[in-house]
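After this come two complexes, each holding chain A, first together with chain B and then together with chain C.
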Partner chain A sequence: MANSQPLFTAVSSSARQLILLLRCISFAKKVQVRISLDGLHFTTDQGSVMEAFVVLEKALFTSYTYNHPAPPSSQDDPLPQPVFEVSLSSLLETLSIFSLYDPATIKRPSGDPSFDAFGAHRLHRHAGFDPFSARSLGMTGTCTFTYDGDGSPLRIHMAESGVTTSCDLTTYEAASTDPIPFRRDALALKTIMRSTYLLDAIVELASLTPTELTINAFPQSRRQHGTSALSISASGALGSVSVSFSAPSSPSNGAATTADPPILETFQCHNSTRARFSFSALQAAQRAMGAATKVSLRIDEAGVLSLQFLVEIEPVSNAGGALSIGNEKVAFVDFRVVSLVDDEYAEEEDSGGSSTADD
Partner chain B sequence: MRFRASITNIHTFTKFTASLATLGHIAWVRLDEKDVRFTVIPENGSQVWSVLAKDAVFDTYTIQSAAPGNTINLEVPLAPLQRALKSAQNGTAANIRLTKKDNIPLLSLTITTSTMNNPVPHGTQNDTGVEEFREESVDFFGSRQDRETVVTQDVPIRVLAPASVQGIHEPVCREPDVHIVLPNLMQLKSISDRFTRLASSSKSKSGFGAGSSGPKLELSGNMHGCLRLSLSTDAMRIKSLWTGLENPELDPDHVSQGEDGLANHPSTRMKAMGDETGETDEGWATVRVEGKDWGRVLSVGRLGGRVIACFCHDHALILYVFLNGEGPGEGESVLTYYISSYSA
Partner chain C sequence: MTVLSFSLTPDATGRMYELLVCLAKFGDSVSLEARSEKASPLTITALNLSRTAYASFALDAKTFFISYDFQATSSLKNGDRFTCQLLNKALQSVFKSRANEGRSRESTVERCDVSIQDQPDKTECRLIVKMLCKHGLTKTYRLTYESVEVMHALFDKSAATQGWRISARVLREYVEFFGPKTEQLDLLAQDGKAIFTSFTEKIQDGKEVLKHPLETAITIHVEDFEEFHMQENMHIVVSVKDFKAIVAHAETMRGSISAQFSFPNRPLQFSYQNSGIYCEFTLMTDDVRGATSTANAKFVSTRSSSRQPSVVPVHSFNRTYSEMPPPARPPMNQSFGSQRQSHSLGSQNRQNSMAESDPDPESLFVSGGEDDSRWDPPALDNDDGEDMLGWDSNYENPGASFHPQLEDREPVAPAEPSLQQTGTQATEGLEPTQRLSQLHGMFD
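And then the complex of A and B:
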């Protein structure tokens, strides 16, 4: 590969979008990056108990070039996609290097004779409307990613009002971990809700500083009237908390109220399901719960929990009229958690006995 | 020994004091007929030597001392001075004088605040009852518009004998290799602080950042308007580059041996190397500064002056902060920061 073109270049006009998404999975020290033709895949994991991944899709970048190297001969298998690890905190800090600096609040140096207090006030007051400000021209937070194959650093280059910052992130060889298998075709539970509800529940449970939490789900057929469909419970030294969610009323059951939108927008469960997870794993997803609008919570028959968060991304700029308005992009952040092995696993156990705090 | 002055520019004086206070707790203040000098020499970290022209913040300045040169030397704690000035923020007038109470020497600030901007718009109301009451109250309390409050803030100080300050000298440094006007300090500070954070978060075990003294940033300048801030850790190498800055011309009158001295000046030699893009490795003068200390020095940016940095390669960095509103020539107010370079 003696050509001068780098293996990979991508330009993003908004580092903030990338920060928003990457913060969601920022519980680990290092992040695994995989470059593919359709986007940048970021994966973090915690042991092999939990992993989280987010894809920065090609569409998030203003330009995205990945020259997938051709295999030496046509008979060979295609070369694997580049995979490496970088320090996640360094990556996030680098991307946010200009976010603290707001040009509108910066005073001009005294040597400038055209600067006066009134002018400063005007500048300040109309800072949001200045059509030629770097912000409305979409110049803030523009960053370029470059990667040139094994052993070379991931280079991030950013420019803003006279300053350019370039950062070479040391790339480490990626630990080859297999992704946690999740069987979409064998689901024990599937539910969709607003992610803030899940966040509230986790925050509620966190007050006990538990080590693990239990998710219980009851199918429609087994439930008596008024009992919850899904409950998340945990117990600590000081007591136990259980947060229960009621299922949406099924069409056949016409008695339910229609005024409130259901907490659980979708709820599919055929057998009573009960699974325990490490609480810290769920806590690691808190940032994603805060950033997302909706979450799809699924548990497969092997007890693997999948949380898929839908994150709405604000448009790049609010000033540029040329930008598509009302067409905000969405991105998905995925978490997968392996359930704890239950010694006295009882399929038919009900949730009696614990005090409940209804959500 | 007498000293008395009115403070005309409370805001500048407050910001000035706040900038000094970030570096140390105690300032050596030297007052004489021409100017006021504040010097902070902390146990470790950068020192600052500043000269305030007396008209920069003071008016009706009187000084009388038995010491030669009509000089008064004081040791002033900065935090109480800062607090005293804070209460003067909304004042209409403030005076400072040297006094003694119970045999303790004090700098006494007398602050006059008027209640004129009290939001009591009685007169605008049509309610006659209120109007009457207002007139009565004017009789009773005196005119509301003219009411004044006088606050006195005492800052305990120590008077230093001339002999005790004789041994304190401003650091002497060789001619700088590079001198350059710094970009906006608040921007530089926000980026520097982030670098410091990056360095401490990645906690490299060798090289930079080792030891207890905190992470080191590498700051370089060349004679072609470039300033570079860089940091290397195990996890990353990051650098920010400013281009198009100004390298002020040296005045031959201020260089030893005049024109000849200028021709042999280190900066003249540095000018032959490097370029405007800052991409080459040549022509840079580099110092290594301690991240946190550097951040404290940069807090002087709130004064909004023009800042010239003088780089002595591998040796020291000197910052000259010229305060607003001063023309060239005499009566200039300058803060001089001496920042020594750490070895790599």
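And then the complex of A and C:
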């Protein structure tokens, strides 16, 4: 590999898009990065109970070059894709170095004296600008990722209006973890809703500082009159909270007015399902819930929870400022959580569980 | 079995949160008292740890609730009342999300159903709050509660002949100026003006200054009050924190706030009402700076009559324990937060009334006598309208036993606040119940 031709180069015209997506999974210290022909795969995990991944697709970048090294001979298996780990907080900090106005920005190191002067300069220059305009959010800047294979750092080069920042992030050897298996073909529950509803439910539950949370779902056939379809509940020292949703197009729910759109846009459940999860795992997904517009919540028959968040990415502003709606891109952020082993967990429990869920 | 169930409108749900926020400034826990009477069947109260401040919100059955149902049954200990206590934090988290609807406007509450399941024979006794939102979203909270007897501060309105009333919004604007670190508030009437002084007294430990003195005085002309009647040069001192909490909440209720009081070291009551909520705050006052002579008392007043009316006529409070006859004064050395001796204050009051030669009924009762029966467990005679912060029940709040002032004065048996209040003999310890000579038989 010649120096002139690095293994991987990608240029993005909006670091903000990347930050938006990467923040969704920023609950861990390190993030595993895998480079493929389709895009950059970022994975974080919490123990082996939960993992989250996001793909920065090729389309998000203005230019994306990955020179996949050819195997020595055509008979050999193709070489594995490059995988490494970097510090997630450092990565986010690097990417957000130009977006001074973002309150969610992770704390910057105070030891860098040049930073303040630079920030002051930026503030001064943008005085009078709308702080939320694309320009002052640093979206006019570009960032370039370069990676040159095992052992070399991930180099990020940020440029905006003649000011450039280069950052070399130390890469670590990736710990080989198998992804949490999720059986898409054996789903016990599938539902789609706006992610703000899920966020709202998690926030409600968080007020009791519970350790675990229970998801109950009841199929249409076994539901009694007025019973909700899905309920998320938790209990703490002060009591218990349960947030329940009624099923779409169910004539029997009295509280919902039929004219309103249902909360559960899709609800598929054939058998009563009940699963418990670590509450901290769901809390880790809070940021994704806030960023996303919709969430697909699925539980497979083994009790693995999959949360797939649809995040709408604001289009890169052009010079003219005119944005076409058709321009909007979407990205997906995935969370997978293994359910807690419940001694009582059995199919027979389901009928007993239904009585607790209608309140 | 559902003891109590009621429903709230979204607006009332928000008001509930506001009053909980206000109550949180007084204590960590709130007490609920449900009664079957028609006027104001539900009262939510809080009492601070040092028992110098008491806040009470009585909710009106017709205006505040959509529906209110209370099943008075024989299973209740108190007959026709249901009382319980729960953590304010827990209740606040139930109602909090309704306050900031901006976050998720879709899940706006349409109705809030509250019910209390009280089953003496079962374990699941819960306060159940059901938030019914749009689109069939339901949030159910089951909160644990503690079944305790609730204490109410007793305030004798007929003895509190002085007072003022002012728009809460106006007062709120002035309150903003009080220094954030000041602790006490001095109310004073002088030269046709009301002077509110917030201050902190200097506390020094050797060379180290623990608290820096600070004073902020605000002078409001009596004309700015809707009504004003207060003895000139009399200092009444309350806690700034309590005052701020009250005024902040009063402002949200958009009305006028009234204060009623008699003399320093006697309770003071703030009250206001709107949208079916009757708010009353009874605070113990102090006269730390009250070195002024009250020998020839003049009154700063907007009242037309030169003679002081014996009963404050302007406030119409349809509360239960307001129309009580003034009883004999309890011993003053039992007062909360007060280091004054009973005889000094008693004589001062006598002096006041005599100097004024007013047929004030209060003077009849200033006996200063040590009438211990006043301190019997007050639950027995609920209508005992003391002029102090008295309590209508044995309130076994464990936290209250750490009240330093009580401990300072009465080091014996600090874990039993009721005992401290009920008997002066607490300081003397228990009387021997047996002669020593009678014990011989056991060892012979």
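The working rule: the second predicted complex is superposed on the first by the 287 of 359 C-alpha atoms of A that agree within 3 Å, B and C clash if a C-alpha of one lies under 4 Å from a C-alpha of the other, contacts with A are read in each partner's own complex, and residues count from 1 in each chain.
Convention: a contact is a pair of C-beta atoms (placed from the backbone, for glycine too) under 8 Å apart; a residue touches a chain by one contact, two chains touch by 3 or more.
None of the values given here were measured: they were computed from a predicted structure.
In the superposition on chain A, A:6 contacts neither chain B nor chain C. By the touch criterion defined above, A:165 lies against chain B but remains apart from chain C after alignment on the C-alpha atoms of chain A.
In the superposed pair of complexes, A:263 makes contact with chain C only, with no contact to chain B.
Once chain A of one complex is fitted onto chain A of the other, the partner contacts of A:244 are limited to chain C, with no touch recorded for chain B.
According to the touch criterion, chain A has no shared surface contacted by chain B in one complex and chain C in the other.
On the side of chain A, the complex with chain C involves touching residues 194, 196-197, 199-201, 203-204, 207-208, 228, 235, 237-246, 253, 255-257, 260-263, 359.
Of all the residues in chain A, the ones that touch chain B in their complex are 86-87, 89-90, 93-94, 96-98, 100-101, 105-107, 109-111, 153, 162-170.
Listed in rising order, the residues of chain C touching chain A in the complex are 86-87, 89-90, 93-94, 96-97, 103-104, 106-107, 110, 126-128, 130, 132, 134-144. On the side of chain B, the complex with chain A involves touching residues 183-184, 186-187, 190-191, 193-194, 197-198, 201-202, 233-244, 304-306, 322, 324-325.
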